[in-house]
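Input: structures, listed below.
Across the two complexes that follow, chain A remains constant while its partner is chain B and subsequently chain C.
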Partner chain A sequence: MRTRASAQLVGPVLRALPRRALGAGAAAGLVLAALPRLLSTHPDPWMALLLLRGAALAFALGLTFLLDDPARHVTAAVPTRRMVRGALRTALVAPFAALWWTAAVLLIPAQVRPPVGDITLEAAAAAVVALAASATAIRLTEEAEPGQRVAITLLATSMAAALLLPQHWGLFATPKEKWWSPGHQHWALILAGAAVVWAACGPEPIRRRGFFATRSAKISPSTG
Partner chain B sequence: MTTTVSAAGLSLRYGSTRALDAVSLRLSEGVTGLLGPNGAGKTTLLKVLATAQPADSGTFTVLDHDPSTTGGRQEVRRVLGYLPQTPGFHPDFTAFEFVDYVAILKELTDREGRHREVRRVLAEVDLSDVRGKRIKKLSGGMRQRVALAAALVGDPGFLVLDEPTVGLDPEQRMRFRELIARAGEGRTVLLSTHQTEDVAMLCNQVVVMAGGIVRFEGTPAELTARAAGRVWSSAERDPGAMAGWRTGLGVFRNVGDPPAGAELVEPTLEDGYLITLDGMVAEVTA
Partner chain C sequence: MSAVLEKAPPAERTEGERRSWAAVFALARFEARELLLRAPVLFMFVLYAAWIGWSMRDAWTTYPALQDVDRLTQNGPLLPALAVLLCANQAVLRSRRQDTDRHFDVLVLEPWRRTVAFALSVLPAVALTALFVAAQFTWGVLAPGSVGHGSVGELLVGPLTVLLAGSAGVLLARVVRSAFAAPMLLVLAFFSILFLGAVPGNSDGSATRWLVPVIGDASTKTLPSDLLGRPAAWHALYLAGLALTLALAAVLVNGGRTKTVAAALVVAVGLGTWGAVGQAGKVPAATVAARLVATVNPAKVQPCARHGHSTYCAFPEWMPRTGTWAKVTDNVQSLAGGTAAQEKLLVRQRVDARYGMDGDGAIEPSTVPYQVTVGTRWGGPRVPEFAAAVSSVLVTGSEKATSSLCDGRMVTIMWLALAWQSDPLAELRTVRLDDSVTGSAIVLSPTNPMSMTSEQTTVVRELFTAGKSAIAPKVKAHWAELTAPKVTTAKVAQLLGVKAPTGADKCE
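On to the complex of A and B.
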């Protein structure tokens, strides 16, 4: 029954995806990655890395809208769980995201392209952080479409992190720096942590407890 | 009458605000009106009973299903229809597509039967003619009916309606009353509203809430009876009245403790509601 329902949901969920926001993030990312080719310039490796990181961030910003659901309140009490719907949305976007990233990487000239595995780890971490942040916003607030707020927060946090994080953390190191390798261990940790947060925010609670109960003070009482 | 929905000791806090304070109630088949001032806890109670919001403590059952486990909650949701206070839609969906989407979420997996059911509920809310129209092109009243159709799809035994007539013009409100009255035949409907006329016209039971507490539970006649002997008319506003207003006939209608020799008049449900909330509105807003 559940599998049949999920299969039949594919069409409506596909139509309900925030295609504009996802498309805008993807397009902006591709434009960034394609800049050297568009401008017929030969970027240095540092610029190529910066452009790919910018592309990954642009796509992640688009992803913050993935879980936006204007019909959230109407569908709040249906037997098909919110987690299933969220997972379906993610599954529908995942192949597109993989294709998009492949295209973005290939747009960077091979001779200046950063190590693909490492930069892919960074992009994956950014994407999962975006989804975890959206899932957290949905879990802790009553907003149906928190994407915009989450995108602004993610953008501000990324900028602040790039400017303020100690160099030895290596999150924004270049391949020639000694912090590159430890930096990617940190990216792996960020990816794992975000995945845990995302998974924790998926299920709808039966009782309000601990962190989530105290955070619910952020939810304003309803008017009635 | 057989109890279909019962709650015991439901409590919920938002920070320092006590939205529900040990709420206990019993509902049976038919339409039960939930009255109360803003901030009374009506919407919160509805959300909890609709399993859209977990309570901090307390228990409830819906048609013999206990939502205190994940499986139990799924069972409750299978017999539930919920119309929230501010329904949202995917604007590019047509009315049919949206209700069909909700029907899939309600596990109606047989495509042919589901489409039949979607057509049935859209006909029930008088939207057959516009079922192929995009929701963004529908009027506010029509959108509200789409949301009601979404709540009704699957023929749920328990229907939770949160202020469904807010923002509707008088004609649409009358139409909605008809729909709710029809929906109340053979199922349990809990209707939150600010309109005492809605309750007087539709409900066989009424619950009054204030400050997260149930202040009254009974029939509309019993609520009206609370004001018996406490409503009088006078040529001037009686300063001792708890509430008083000039009527269309040019005399004042006063509610409260009447002075000796006052000209008592027949109370209404609204008078009973005001008497029930006497002093509590200030307590709630303080």
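On to the complex of A and C.
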């Protein structure tokens, strides 16, 4: 029964996807990854790593809009739980994301490409952090479209983290540095932690008007 | 509503005009408050304050030059600029996001006046950044031993970057009305600029290099402020023109097609272009000539001062520091014996300014007898480096004679240079290139480095352990033998009464 309901949901969910935001993120990421080939220069490995990280960040920013649902206050009442709908959205985007990441990695010339497994871990962690952040925003506020707010927070946080986090954490290390492998253990931890937060924030809140209710929530139609 | 109609005679155009400007300022005030209280902006300003504290943490001990401190203030404001861009953009899009756009149609305020208000709402954030920049610079000015002059053009870059970011955010919201445009474009711009900046081949005199807000330097040395040759004022003009252009373009695309706006836009574009052209110019010939003179023949431009036996010549901005140098020279000289203790030294400040801030050049050791070179920086390792230069000149007679030095005199040089310090061993660590106190190492000095063998290091360490009062009389008594060329390290150790090393002197 439930699977049939989910199957019926595929069409509407696909239509409701924020395709423009996702597409913009993917396009920005591809442009960044294509820069070394477009300009036919001899990029150094550090630059390639930086561009791939930029691409991952751009796509993660696109993903922060994934759970935006303008009709949120209406769909709260439908029998299919929000967790299912959110999971369905993610599942629909996942193959596209995998394809996109493959393309981005392949766009970087092979001789300067950073270790693919490790950089994929970073990109996956960034994506899951983005999803967890938007799920948290939806869980804790009544905003229907927190995407932009979350995107700004994610961008500011990542820039500040790159600037401020101690070097020995290795989150933004280069492959030759000794912090590369502990750094990727930290990335794995971030991935796991974000996944837990994401799962915890999946269900629709039972009580409304939470702690973090924003001003926009107060004027939104659902409170009436 | 009716009250408004009664009070306002609709025929009077100037009255309505004035009132809509009052509304613009009211909206600008409100939006400015909203902007400053947004979490990302607050967070970034807090981060910026922390960054200032961190980057200026050792200003008190490093004798900053103000022409460096002004450029140090430029990177930090990028943090609030990022947040201001995103939040200003989001503020303009707020009415669209909450679907209140159509309510504005009934208001007296035209959309383009609303845009003016949004552009104005960035100004308090700019003023706050200016305050932070001023605080950071003042910190540098108050630091003991600071020298030189700051440049207003360089100091303006920080606040103007925030203004530019705010205007860009407003324009972006008026051109692309989607919520995701600003973060995406920012990421795209940030990483492409990083990438394009790292592509080699556009280093010297490139016009495009100055188009980004903050321009770093290839070199980290300190130069006299008149030799920097950075078009700071032009760059500030360029940034201001660009920020104004973006803000006015936002007003224009929003329907503000009045003559005033068009005229102001033309002026702003003109200012920006003027600045861009000005900053793209080559370094002025006068500056190039002055750099050459300062490098090759500094005596022409340096005043001199006398402290004790010795004379100190420095670029005018460094004259207040000659007293500090004199203390070190006197301390080193007081430990020397023979004629060296009374020798009249000439301490001359030298720097390779030929390449400006685009490259570094080594300073050749001076061939003039009893002339010592001092650099433009001071504090930390620069102090023992200068002390080593003084002692090497006292022992060998000139800087040039030191460069091929490979015998026991090195022990005397290092002991003279460091024994007067409160913790000679710690100073020995800082003056050696690899921060070690055992084994052989390179010893830094303002000109060519010297080298210490591992035996010499051992003897010097033992001399420090024996204490200054025990060794000083022996140095004075045996001065002639200690400073004779080809004296072995073993002989020096024996003369000074410490255990002689077994190995022979072998220089690398």
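Rule of thumb we're sticking to: the second predicted complex is superposed on the first by the 204 of 224 C-alpha atoms of A that agree within 3 Å, B and C clash if a C-alpha of one lies under 4 Å from a C-alpha of the other, contacts with A are read in each partner's own complex, and residues count from 1 in each chain.
Keep in mind that, in the parts below, a residue touches a chain if its C-beta (ideal position, glycine included) is under 8 Å from a C-beta of that chain, and two chains touch if they have at least 3 such contacts.
These figures come from a predicted structure and were not determined experimentally.
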Partner chain(s) touched by A:50 [first = chain B, second = chain C, both, neither]:
second
Mind working out whether A:102 is in touch with chain B, chain C, both or neither, as first, second, both or neither?
neither
For A:15, is the partner it touches chain B (first), chain C (second), both, or none of the two (neither)?
first
Check whether A:74 is in contact with chain B, with chain C, with both or with neither, and answer first, second, both or neither.
first
Classify the contacts of A:205 with the two partner chains as first (chain B alone), second (chain C alone), both, or neither.
first
Should A:149 be classified as contacting the first partner (chain B), the second (chain C), both, or neither?
second
Enumerate the residues of chain A that count as touching chain B in its complex and touching chain C in the other.
216, 219
Write out the stretch or stretches of chain A touching chain C in their complex.
20-21, 24-25, 28, 31-32, 35-36, 39, 41, 43-44, 47, 50-51, 54, 57-58, 61-62, 65, 145, 147-149, 151-153, 155-156, 159-160, 163-164, 216, 219
Taking the complex as given, what residues does chain A use to touch chain B?
1-2, 4-5, 8-9, 12, 15-16, 69-81, 85, 144, 203-208, 213, 216-217, 219-224
Touching residues (chain side chain C, partner chain A) in the complex:
39-40, 43-44, 47, 51, 79, 82-83, 86-87, 90, 93, 97-98, 178-181, 183-188, 190-192, 194-195, 198-199
Which part of chain B faces chain A closely enough to touch in the complex?
12, 14-17, 19, 36, 38-44, 46-47, 50-52, 54-56, 67-70, 73-74, 77-78, 80, 82-93, 97-98, 100-102, 104-107, 109, 111, 147, 150-151, 160, 162-163, 192
